[in-house]
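What follows is a group of structures, each given as structure tokens.
What follows is a pair of complexes built around subunit A, which joins subunit B in one and subunit C in the other.
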Partner chain A sequence: MDADARLKVSGLVAGYGGNDVLRGVGLHVGEAEIVSLLGANGSGKSTILNTISGFLRPKEGRIDLDGRSIGGLSPHRTFRRGVVQVSQARDLFGDLAVEENLKLGCIIQGDERLGLDQAFEYFPRLADRRGQIVSTMSGGEQQMVAIGRALMSQPRILLLDEPSGGLSPRFVEEIANIMHRMKADGVTMLLVEQNMRLALEISDRYLILRDGQVVDAGSTADIEGSHDDIVRAIYL
Partner chain B sequence: MLSLLPQLLVSGIAIGMLYALIALSMTILYRATTVVNFGHGDLVMAGAYMVLIFMVNVTLPFLPALLLSLAALFGFGYLLHRAFIWPIINGPHLGLAMMAIAIGYAVRGLVRLEYGSEMAKMPRPFEEQFFFAFNTVMTLDEITFCVVVVVMLVVSYLVFSRTRFGRIVQAMFQTQRGASLVGINVRLFNNLIWGVGCALGALGGVMLGLILVLDPDAGVWTLLRGFAAMTLGGFGSLHGAVIGGLIIGVLEKVLGTYVSTAFIDITCYLVIIVVLLVRPRGLFGQHATLRI
Partner chain C sequence: MKLTRSVFWLLPIAALALPLLVNPYHQYVVNLILVYVVVGVGFNIVVGNLGQLAFSNVAFFGIGAYASAIFTTQLGIPWWLTVIPAGVVGAIAGCAASIPALRGVRLFYLAIMTLAFGELMRWSYIRTPALTGGSMGLTVPPAELFGWVLESETQKFYVFLVIVVVIVVAVSRILESRIGRAFLSIKNDERAAAAMAVPTGRYFVLAFALSGFVVGIGGSMYAALVGHLSPEAFDLVQLILHFAIIMVGGLGSLVGSILGAVLITATPELFRDWPGFEELMFGIVIVIVILFLPRGLASLLARVHPIFKDRYLRED
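Our next item is the complex of A and B:
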């Protein structure tokens, strides 16, 4: 599985200034697989996504997508290779309408008609509000726009940073349902999520990060029903 | 006394068109990078000086000189952002302001190398003419300003609202990280926008060269009027920049005639002070904060 991984990261060292947040991280994500990164705040989860996306340059290590190196590429080049991130802050175009935000998701590459159909199929609520200015929407709806925008370019892999962060339980449930559908449709995802129940429910595998290193990993099927060991691994 | 008013309005609108163009060029830079280029006035004047050099030293006709000047300022703006602004874009706001001012002064210094502190006159591309209508007079220069600026406004509007390039710039104005997340090469587009903004400013400078004697220090004069128009119209608003420029042009003429000639020079300062105190987002701006 490792050899023909969609995304493969090995020996990754990265950080801010002289401070190394990631200290030799390795992981892989197979085609149509969902892998969750778990860990306490400051363990390096978002830093991994930002380094894969190109917002941070790796100091050491390799990042390969479909066998080709993408390590150190700038964000727009990484995007063109098919790596699309939904950031924690969402980074939407707040003064633009929903449909305009979605269309901008494929302004560089992707089929606009196909993308819009897919986004509105996943998020029918957005179809009803396609003309609404995004900054006037609730957090949950904005998260839908962010995920919909990311899907517009038909990415090879989706990097999701805290998709349920700050959302009401109703929207968390709705986002979870959407992610189940995306999983069924074969969307490959690397997920950072604080909501462990959600992360383990939709992921095939998990990795636990602590101080910038992977300290535990496994299949979510193997730990079904008992998450205590994972909580211990994360926090103790 | 009031019989002068129509004439003052016509003359004010004509000069206001130039302020509008300069403000528009500054706004375009601001929309892309949310940086106010405090060296912009010197680049505006550099456009006029480039035409002067191409016409006098290289003996080119006006039109090729103008096109070469705009191309040179486009290239300069592109390189300016690429080499000096981008590397410090995430640094302190004060650093960006100081960099822009320093580059403006460096450009002014280059002009001084050739012309010292002497004033120079850009050769005229056409003879001045006067047109009379409804008890007002308009010069051919003023008509030229109006036509050129209106054309540039229409082109800018079409580019920003109807083209892929415009959509990308609009996206970058909202969030540069968001633009990166949808695959936009933010650095390249910022370079291009700075090139376009400088070329547009240079066009304003060339038109100013029709009515003003060129002075290496005139950059401050143009910067303040552009900045005042931008402040009044609202930072980031293209139509606000234009309307702000027109209002300041008219105010200068009206106050300068009816109150005191001193108002010709101080109107732009007063506008900046009053707007920042009373309505910081200007007439049409959406954001009160800006990166200097």
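Our next item is the complex of A and C:
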């Protein structure tokens, strides 16, 4: 499993200024697998995603995608290799229409027509609003545009940073359904999510981070009954 | 019958009959409008589409004009063969002007640095008399096209009209392509564009070079039109004129560049018989348009019919 992982991270040390937020993190994500990163605020979840996608330079350690090192590459080179991140801020172009935002997802690579077809298949609501200016949409709809845009370039792995953050329960459910479909279609994902129920429902495996280190990991299929043990591992 | 954008072709077709309706002086003004359409289209690429406060446009305009004139006078190349080279020299100047932006200079700092570039070029025209004629200026031989001398304003008009149509169509195609979308993404949110792997630096250079190319061609047309170049023609007043064209027309709008060039060039001419009044009216027109149509004349047309709604003209 580990040897032919799509994404493999080992001994990763990274941080901001002199502070190391990640202190020797290791993880792997297999093809068509969904792995969730769980942890309290400040445990280093988003920092892992930012380091993998090239926005933060690793101080130590390796990041391999399909067996080739991508550690330390600039964000646009990392993107070219197939690592696409949907950040918490979503990074959408608020003054542009839905379709223009989506098309920008494959400005470097990918087929516009195929990408649009796929995005509208996942998110039929966006097809009806392709001409709408994104800043006039609700948070949930903007999240759909962000995920749809990320899929436009046919990524090797999708990094999702709190896709349900700040959304109403109705939209959380809608996003969950779409992620189930993406999983069925074989989209590989590394997910950071505070909504533990959602994370464990759609993931194959989970990792728990505390103080920049992986303190626990397991298969979601092995979890029986309540999530008390996981909550304890995260916060206590 | 549903109107489509193909109706825009009626405009140059109708313009073919214009020389029948105007006297030679008014024909000269119309030719000047065509020069400023090209200048406006080029300027709008960096300011309206890329969203950068860069004022190196007069430098591109002067460089294109002098390049064309120098190629003609010093090398004996007929004018029509200097148009593209003038654009290329303008594009090289555009690459040079993009350097501050590549180093992260933005907003007012970029404005002042690019403004300084224009002034530096004006200083260069004065200080290189062997090439440019210095402060005395440079007389440009009559423009030639395939051996024919373009003696009348009408002849120049038809040549200029072809250039304008080619440039407007080409720039429109570019702005509707991935390149145009990349410019828009940078204008909208440079950080988000970088996150989507848009190589922002490369597109900065491309936008400045494209702008320099188009405005350089405008400069070459200007040299052919006026027949004499002097450094004063490329001062801050010229820059204000260019800026007024895109502001009044509509930032980021091709239709706006055309409307702005018509209004800003024609207004002073309408009041030519009342000395001193033309500058006053020039100022009043700018104030009125910006006060009542902050997104320019193009936004007014967009209200009339959707075909005028430029997809690059956004609500602010």
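Just so it is clear, the second predicted complex is superposed on the first by the 235 of 236 C-alpha atoms of A that agree within 3 Å, B and C clash if a C-alpha of one lies under 4 Å from a C-alpha of the other, contacts with A are read in each partner's own complex, and residues count from 1 in each chain.
Quick note on the criterion: a residue touches a chain if its C-beta (ideal position, glycine included) is under 8 Å from a C-beta of that chain, and two chains touch if they have at least 3 such contacts.
As the structure is a prediction and not an experimental result, all values here were calculated from the model.
Placing subunit B and subunit C on a common subunit A by superposition gives a clash between them. Look at A:34: by the touch rule set out above, it reaches neither subunit B nor subunit C. Of the two partner chains placed by superposition, subunit B and subunit C are both touched by A:149. Which of subunit B and subunit C touches more residues of subunit A is settled by the count: it is B.
By the touch criterion stated above, A:108 is placed in contact with subunit B and with subunit C alike. Of the two partner chains placed by the overlay, subunit B and subunit C both lie in contact with A:80. When the two complexes are overlaid on their common chain A, residue A:96 makes contact with subunit B and with subunit C alike. Contacts of A:126 after superposition: neither subunit B nor subunit C is touched. In the superposition on chain A, A:175 contacts neither subunit B nor subunit C.
Look at A:65: by the touch rule set out above, it reaches neither subunit B nor subunit C.
In the superposition on chain A, A:5 makes contact with neither subunit B nor subunit C. Only one of the stretches 8-16, 80-88 or 116-124 in subunit C has C-alpha atoms clashing with subunit B after the fit on chain A, and that stretch is 116-124.
Taken together, the two structures place residues 55, 75-76, 79-80, 85, 87, 91-96, 100, 103-105, 107-108, 149, 153 of subunit A in contact with subunit B in one case and with subunit C in the other.
Taken together, the subunit C residues at the contact with subunit A in this complex read 178, 181-182, 184-185, 188-189, 191-199, 314-315.
The part of subunit A that touches subunit C in the complex is made up of residues 55, 75-76, 79-80, 85, 87, 91-96, 100, 103-105, 107-108, 133, 149, 153. Across the complex, subunit B meets subunit A through its residues 164, 167-168, 170-171, 174-175, 177-178, 180-187, 286. Considering their complex, residues 53, 55, 74-76, 79-80, 84-87, 89, 91-96, 100, 103-109, 149-150, 153 of subunit A touch subunit B.
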